[in-house]
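Think of it as A, B, C and D in the order they're written, each chain with its own count starting at 1.
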Amino acid sequence: MNRICSLHDAVADLVGDGDTIAMEGFTHLIPHAAGHEIIRQGRRNLHLVRMTPDMIYDQLIGAGCATKLTFSWGGNPGVGSLQRFRDAVENQWPHPIEIEEHSHAGMATRYAAGAANLPFGILRGYVGTGLSEHTSTIAQIECPFTGESLTAVPALRPDVAIIHAQRADREGNVQMWGLTGVQKEAVLAAKRSIVTVEEIVDHIEPVPYAVVLPWWTVSAVCEVPDGAHPSFAMGYSVRDNAFYKAWDAVSKDRGSFTAWIEQHVLGTTNHEEFRRSVGLEVPANV
Amino acid sequence: MNRICSLHDAVADLVGDGDTIAMEGFTHLIPHAAGHEIIRQGRRNLHLVRMTPDMIYDQLIGAGCATKLTFSWGGNPGVGSLQRFRDAVENQWPHPIEIEEHSHAGMATRYAAGAANLPFGILRGYVGTGLSEHTSTIAQIECPFTGESLTAVPALRPDVAIIHAQRADREGNVQMWGLTGVQKEAVLAAKRSIVTVEEIVDHIEPVPYAVVLPWWTVSAVCEVPDGAHPSFAMGYSVRDNAFYKAWDAVSKDRGSFTAWIEQHVLGTTNHEEFRRSVGLEVPANV
Amino acid sequence: MSDASYTTDELMIVNAARQLGALAAAGRPVCFVGIGLPSTAANLARRLYSPAPVLVYESGCIGSKPTRLPLSIGDGELGETADAVVSVPEIFAYWLQAGRIDVGFLGGAQLDKYANINSTVIGDYEHPSTRLPGAGGAPEIAASAGAVMVIMRQSKRAFVERCDFRSSVGYGDGPGDRERFGLQGGGPKWVITDLGVLEPDSVTCELTMVALHPGITREQACASTGWSLQFADDVRTTAPPSAEELDVLRILQAA
Amino acid sequence: MSDASYTTDELMIVNAARQLGALAAAGRPVCFVGIGLPSTAANLARRLYSPAPVLVYESGCIGSKPTRLPLSIGDGELGETADAVVSVPEIFAYWLQAGRIDVGFLGGAQLDKYANINSTVIGDYEHPSTRLPGAGGAPEIAASAGAVMVIMRQSKRAFVERCDFRSSVGYGDGPGDRERFGLQGGGPKWVITDLGVLEPDSVTCELTMVALHPGITREQACASTGWSLQFADDVRTTAPPSAEELDVLRILQAA
């Protein structure tokens, strides 16, 4: 497979049933189009990992793709609950979902440990909370020099990391900027990675606060303009807050959710068709 | 003391006898002028810490300021040995020096742990080397999840970190770019910090790969143009390789070393006079 | 308050901002800010007080000076106006855990009398009646920030004797627990509600009503609290939001 | 070699570059480069072979494409031409330790028959006759790089039965030691000297002469080695540096 390929081919070749998948993005640069493609290709038994699962994980869970979720905060930011996530946890619909719950600091530490090829990371965290009691991947560890007790968490090493970035060059070097969250760590911690980008350019100009992933750390790069929608890509798009708000009503009901997925995701073959289907303008450069 | 002050006042107020001092810089941005000021003010019993002690640490050691050195590589890059460091270790001149020796990876891990307020950091390192046998600040630790054995090193928490940067604004926010090494970690790990800068500007423009230290993380900012010489500040100066090469001859002999320090460092009152004394041009903006 | 010329959100935001103003007077506080009421309060304080609080967002923005209120923690404006933008692992390790944050903000679905907070589940963890978003950044904000300010509407349902789940630790089960847990931050110091202000008692650590908003009675406060609410010896009445405070807040929110 | 039209440094550099070229043919290798001969060899290989090796410098530069040879590990040119510049803690944790480096380079004052290297002290550690610069990045390069290439002049003084101090581990005390130590990298695979090329024996792990440079005899090699030097069954003679190799190298060094 070529490093630069279609999102269809990247998901077909790199995402398997039962895989542990980390699709990261901290409000900014969330890889929604890639999530839709996973639903479209009918992946099952996925272990989804993310600090802040939001709408796209709600869709994956509701569509029955996931049997486990590892996370630290699952909500629709500024709107409220994730209805499909709640229905899965509270009512086991469409089937039971196992959850492994951490804090943001713990998840960030786990990704960083994975990126550094360490089996665990340490932090000051969790002590006294209910998480220590209910999550088995939290342990105490003693400092060999001071005797102080700290918290250890195991590294995250996803099978596949999937992120969205602003651009890549033709060699496959990826550049993202603005708030870049934990995406670099997720890619470096993963065995394989897919990056959707707003555009592929001849030459990447350095910009302030940019994170660059060299081509040899990325498995596949796919040009998917506005592939983060309704999230955004700084310099290319703004967050579609109305779309996030509207999701609450769509997702509240199993029937309306299923109809939405069938019409807009399963009923389309790619991101361009999805955009037309939900009434969004198709970017000029598609 | 004002945050923005003279280097004399910063060293007088923030560096005490017996302090642990980290003056960092990875070839680029080495705070030579600050080192001279410490010699000038006659500090004693310092515990010097640095990944790559070079000429300025050679001067501090030869001038009798230091009784301990924690480091990972001590040489004159591209030239050879540090003569004063060798004379201290091999012949206890001007007095014995205790050494605590690590690898680069271990030192970087130790600074990062200090910056993160952890008592230790972990890495895959040292196993099978003589360092494990001779350095007491290297320990084994077991992963609580996999049972795997890893190496632990204690955090570095210097009393004072001293670095050189390209610029600061009038509030004291510091910006450096190019190769920035471990300087951010050193400052964040230290109790106090002094930053010498090429210039103080009204407003800091973001530039690619820049590291910014907010004013509230820095104790003192001192405008010292070319304060890194013979090291360099990208965008302001180039490395004075001839000066590094010439140091070898000066430092080889105790007498010529002492004469040099007396004439150029102890015999001058600030960096501007030092520059005139060694025959360097004084930058126009002094 | 039905005829008040301000909303309960405005009341809480103004009182939270005032507390930041008091801290600012003693040296500019560094605030770790979430989106919503805390972000609004911190941004209001930035406009009202000098020196202005420094805003740090968990998305990695340090020293953000947004000209309009951010809609989300990942708002582009936060990065564009920041002194520095760092990664999420770094913001938690080098900034929050390192003790560089003076004030953290928390809210949640339940708050108990020792200022522990639940934002995880209502009911049993394995079989919850309501699954909430989860702890997010709260456990380590509660552990490591120099002080924590809680902003929550006061009600019997939310202010409970004991949380169903402890997402973040206030004073645990009472005096000495923070020390036993090795928590380095100072813990919750102020709870700003729509009825007034609670603070932990210096001996018992129990949240105690220290101020009531204009027109609020002790009976209303007790009726809106799920534990036997104690009052400070000298309960203040907060000043109503001033015209200036409301003007600046509304301009901020309209931008 | 007194009448050779190339220096021993050029000879070693060209042979090191050729080895990188052989690796490049099997997919572009990522090289962790120090300053000096390794940097020169890697930059020569970048110009001679396609796909070109990727250069990573321990100062934090990833994918540097310098147009002239860097004078130091912190040379501005390395950062300006890099795909990415990262901090020193990150380069060691996320890149070297993570196993992302295919080839690391090492040199030192002493090399022993199991390819352990000493760059710390000659003599006793506490009372050294010569204090050397120290280990620097070597312990973890030797531990974590996919393979290690050593470039050193061969002499009885430098090629010793056993190092005075083990700064970095090759094969320890022989077969199985790397596994026992839990080292994840492949260890030293090639030692390029001014006399030829040594490689570890696949059974004993002992460094064995597999190639001699033109005009070098087995006797010269034995006389320049502090242990009882073994030879491969089929010792090659290296090709002398070609006109093209020397041209490109000299243009590179003159720039």
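One rule holds in what follows: contacts are C-beta pairs under 8 Å (C-beta built on N, C-alpha and C of every residue); 3 or more make two chains touch, one makes a residue touch a chain.
Computed from a predicted model, the values in this text were never measured in an experiment.
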{"item": "Label of the chain whose CA centroid is most distant from the centroid of subunit C", "value": "D"}
{"item": "Pair joined by more contacting C-beta pairs (A-C or A-D)", "value": "A-C"}
{"item": "Gap in Å, rounded to a whole number, between the CA centres of subunit C and subunit A", "value": "29"}
{"item": "Whole-Å gap separating subunit A and subunit B, where each centre is the average of the chain's CA atoms", "value": "41"}
{"item": "For subunit A, residues that touch 2 or more chains besides their own", "value": "117-118, 123-124, 148, 185, 209, 211"}
{"item": "Per-residue overlap in subunit C, given as positions that touch at least 2 other chains", "value": "93, 97, 184"}
{"item": "Chains grouped in pairs wherever the two touch, ordered by label", "value": "A-B, A-C, A-D, B-C, B-D"}
{"item": "Of all residues in subunit A, those that touch subunit B in their complex", "value": "117-124, 137, 139-141, 143-146, 148, 150, 152, 154, 206-210"}
{"item": "Complex interface listing, subunit B residues touching subunit D", "value": "26-28, 51-52, 71-75, 77-78, 81-82, 85-86, 89-90, 101-106, 108-109, 111-112, 123-131, 134, 148-149, 178-182, 184-185, 209, 211, 231-232, 234, 238-239, 241"}
{"item": "Subunit B partner contacts - residues on subunit D that touch it in the complex", "value": "35-36, 58-61, 71-76, 78-79, 85, 87-89, 92-93, 96-97, 120, 125, 128-140, 143-144, 165-169, 172, 177, 181-184"}
{"item": "In the complex with subunit B, residue positions of subunit C that touch it", "value": "28, 30, 54, 62-63, 83-84, 93-94, 97-100, 184"}
{"item": "In the complex with subunit D, residue positions of subunit A that touch it", "value": "115-118, 173, 185, 188, 211-214, 216-217"}
